[in-house]
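Scrolling down, you'll hit the structures one after another.
Two complexes come next, and they have one chain in common, chain A, joined by chain B in the first and chain C in the second.
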Partner chain A sequence: MSTLASIARPRRLILYAILALWLAFPLLTDKTYYIGLAITLGIFAIVAIGYNLVAGNTGMFSFGHAAFMGMGAYTSAVLSMKLGMSAWIALPLSAIVAGLAGYLVGLTSVRLGHLHLAMATVAFNIIFHNIVVNWTFTGGEAGLGPLSRPALGSLVLNTDRKYFYLVWFLVLALLLFTRNVVSGRIGRAMAAAKGDEIAAQVSGINVITVKLNAFALSAFYAGIAGSLLGYYLAYVGPKPFGTDFSILLFLMVLVGGFGSAWGSLFGAALMTFLPEFFRFLSSLAFIPYNVRLVFSDYTYNLLLFGVAMYVVVVYLPKGIMGISWRNLRLGKSKR
Partner chain B sequence: MLEVVEVVKDFGGLRAVDHVSFRVNRGEIKALIGPNGAGKTTLLKVINGLLSPTSGEIRYAGKRISKMRPHSRCELGIGSVFQLSQLFRELSVLENAMIGMHCHTKSNIITSGLRLPVCTREEKASRDKCLDILSIVGLEERASVQAGILPIGQQRLLEIARALATDARLLLLDEPAAGLNSAEKEQLGKVILGIRERGADVLLVEHDMELVMDISDSLVVLDYGKVIAEGPPESVRTNKAVIAAYLGE
Partner chain C sequence: MSAESLVLLLATGVTKGAVYGLLALGFHILYAATRMLHFGYGAVAVLAGLIALTLTNGLHFPFWLTLIVIILLGWAVGQAHNKWVLAPVRNRDQWIQMIALMAIGIVVENAYALIWGKMPKAAPAFTPGALSVLGAPVSYQSLWIIGITVVSVLAIKWLLDYTLMGKSLRGASNNPLAARLMGISVMSVGGYAYGISMALAALGGMVISPITFAGGQFAFPLTMKGFASLVMGGMFSPIGAVIGGLLLGLIESVTVGTIGSRYMDVVSMSVLLLFLLVRPHGLFGGE
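Take a look at the complex of A and B:
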């Protein structure tokens, strides 16, 4: 599987150039729609990178991570609204709460095989969703709000542009952090736990501890993402935190390539931009009307989405990062 | 160093290991032999913790370890290499070896994630130690090769390297020569002798009699879960009960 380091120099420079452009674009445009999209992408990327740690690196396919995102969001909302806490304190606190929840859920699930772990985590997601929808403390269906944007003294993150930089600073910081964890002792332990539990045990690795920590860490990331979403929308509600998002998360990481943090970012990008791409296609005048209908109608959209996912699963099982970029003739390879 | 005391292992109605007792002394290479199905692999698994005994004790360096989990026994110094390949195929040779360093290193999520100096120092030390170990088994040239593509002889050596990286003082080897050609077996023999040089004891389950006779200090023979002979190679080889067990009555 490719990692960033294995992509040859010229292509890596292209990647960095794209990154620089990406970071500069909010300064070059006033279209808040696109900046907003980029913010959403950043938030999804954070939770996807965390989810990749537990699913891709450690091999535990949880389908309940939307709930951890929700835990972060609701905790932030409660801390900020009911206790008047500043976002800068509420956000890390919520992430820790989410991480703890991840650990606790892990306690129930890590000894289970793939299928049962999936079932247990779905169950947790449903339980979480039901609680927040029916509890007055969390505002029921209507949710909690309004949440004010984070402020540092007089600097309030009240424009999308400013919020973009907060989110993407976190995305990049977490990417680096993840990369460091994965390439070191803990990452190796996760890979061992995924590859062959018994061999890992007799080699001195406490597999249960490794798995629990992976769960907690991924939930922590989800908590950050959830809080960021809450402060962005100035509102926290139950809708984004159901099992459908958990499944979408799985697809993001699948498309990007299990085990690759950058891949999860690309996967999140694909899933966020695909509906936009369809919308764009439906507006092109030279495409026959009937075909355009397919792209603009929501039901057809879902169908197309499903087809696209199927194609990825069948033809690109290792995701985008699994493509042997070295074999693409774009410049001399390092190896 | 290792004391197996009256170990019994039943699987339902089947008694796989029947009151087996023996010791592996410091610096000894002991071979556990016997016909197929005699309970040798089961016994190894009881020693390394993958199975718990129905009754009996395992003592290592004087400590009773029967209640300890496999990873804790590894921390104490018991390393295992099994018959069916247990390599992490997707990882490189060096990464496989470095997994053995886990129980004696302490970088955690925070120190690794933030790339603190204490972590990078530990990582470098681990790397160096593992490259050293790889050169003992002759694999240092292939450090960055993906483990899954190695030929079986080298895979076996890599598994031994990984066990050595855990600072094992007792190495449990389950049929390490299985599937190896004669050149690879010779190399294996040398490596095992080298392990003893470095101060570890070895308990070796093996069917290849030539290898066994060549390198073992003493033998324990199992048949239907019971010890039927024990002693230096020469005396066991001529033991009537042993011959009968292998050839059938």
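Take a look at the complex of A and C:
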């Protein structure tokens, strides 16, 4: 676990400099496109950090987190559109609803092994997706919209620049909170539950409770992210909350590295910029049309992600953060 | 409810249920012998459906030849899984194997669009037409499906009980370590298990494609239906897997008849979750 405290002083200063630069970035550019990407990155980062609590720290692989994200997004949409509730109240409420849903799904799932857990969470995601697609209350295929952005008195977060600061304030707050959870008593209990359940039980850790709490907490994070996504797009539809996004979310955290918050950030960044990179490749005229199709079409993008998933899980199961950079520098490591 | 609609409901339920039973039986064999579930299983079924379609429509293969080719294809895909897909992950953690198989499934189910296009394809029935039972039309395809399922279940029963292959599979299922000590290699058990289960998946995909459609987007739902049947019947019971499939088919057709087809998957997946919560060993799993 790379915590801020454990990083030596000069490296810590560099970290703060990068952070300051990142927070100043929306002031330096006028392009809403770049700011929009940064917002998406922030939203992905929140879910990824939450997902890592389950997958990385507790060793449970859920394939239903897109549904928790959708739960947050739809709760926000319903609360603010049908009840006229302020976004500042709707956002935490949707996170709580998602967290409660996570607790309920966790009740059925956390006792199961990897295979059955994956099965149960996929089943939950299919149920959620089918309900929001078919129910008139949630707007069916068309979804719900338009949502109005959060406002605090005269301060309305109506521009992307202002929304960026809300999202990234939450990213940093959740990052710090997660670090405290993981390095504290709960985090050690989670690590013990991941390592050897019986040994953890014997040491007085209630493994089921620990796993259940981790699951609910990560669903809570996903709910925050879903709500933020809803207010950012000013629209909530069923499309982003299918099983395919749950699998991409898994891939995001896998590529970054299980159990590392920095890895989650990296994975979120990769998943934000890769579609843009694909779009860029598909616009290059010198590439043959059939090859370009692979980059421009979502079905074929999934194909590429599948290949990436196989390669990463087989050859790099600890993700980018698992690479020992020192040993990569050939010649130097051999003495 | 009239006798006519009851027969119709029962016929569609049993037909779909028979296919789910075939898939679940394949899952059972794989799970019992290797303690692994394959999330890309439905992709193999869909692949078989599409290839069968090309063989009969495009190349005018006779029915019996298509059937044999499809079963052999399933066996070959299974061998390829055991030899190549699993080769780099064989002695690694269970979750790594699960993800590797899932990743292959994602690659394969999305690759179909490259060859067959994105629109799902409809396959012709083995024998067109329908039989009239109490005034309700029951298609000959349904009878084919039920017949093929009965024959395959008996064939699997014979394989497991009377052949060396079946005995080594059962040995590995009862006690993997003891089976290895008796000289049954993990590799050959894996080959048998993947071969038989993929052949069953291919058969299931081939027989169901005239009733539903064949396309990459149906792969994952088929996998999940197979899982649900297996969990209902019990992970370690071959006959339970088939009965679980039949039950799931009936539950789905009753759902379609009462609530409507939109909530079919919601109901079947809820049944899966309910079983995982209340009775994880399934109906025939014992304790």
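In this section, the second predicted complex is superposed on the first by the 272 of 335 C-alpha atoms of A that agree within 3 Å, B and C clash if a C-alpha of one lies under 4 Å from a C-alpha of the other, contacts with A are read in each partner's own complex, and residues count from 1 in each chain.
Here is the rule we go by: a residue touches a chain if its C-beta (ideal position, glycine included) is under 8 Å from a C-beta of that chain, and two chains touch if they have at least 3 such contacts.
Computed from a predicted structure; not experimentally measured.
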First, second, both or neither for A:M119, with chain B first and chain C second: second
First, second, both or neither for A:L107, with chain B first and chain C second: second
Touching partner for A:N130 - first (chain B), second (chain C), both, neither: second
Which of chain B and chain C A:Y310 touches, first, second, both or neither: second
First, second, both or neither for A:A191, with chain B first and chain C second: first
If touched residues of chain A are counted for chain B and for chain C, the larger one: C
Which of chain B and chain C A:T299 touches, first, second, both or neither: second
Partner chain in contact with A:A200 - chain B first, chain C second, else both or neither: first
Common ground on chain A, meaning residues reached by chain C in one complex and by chain B in the other: none
Complex contacts: residues of chain B adjacent to chain A: 48-50, 69-71, 74-75, 79-80, 82, 86-91, 95, 98-105, 107-109, 112-115, 119, 122-123, 126, 162-163, 166
Chain A residues touching chain B - in the complex, by the definition given at the top: 1, 177-178, 180-181, 184-189, 191-192, 195-196, 198-207, 213, 217
Chain C - residues contacting chain A, complex: 36-37, 39, 88-89, 92-96, 98-100, 102-107, 110-111, 113-114, 118, 216, 220-221, 224, 227-228, 231, 262-263, 265-266, 269-270, 272-273, 276-277, 280
Residues of chain A touching chain C in the complex: 61, 107-109, 112-116, 118-120, 122-124, 126-127, 130-131, 134, 243, 247, 250, 254, 297, 299-300, 302-303, 305-307, 309-310, 313-315, 317
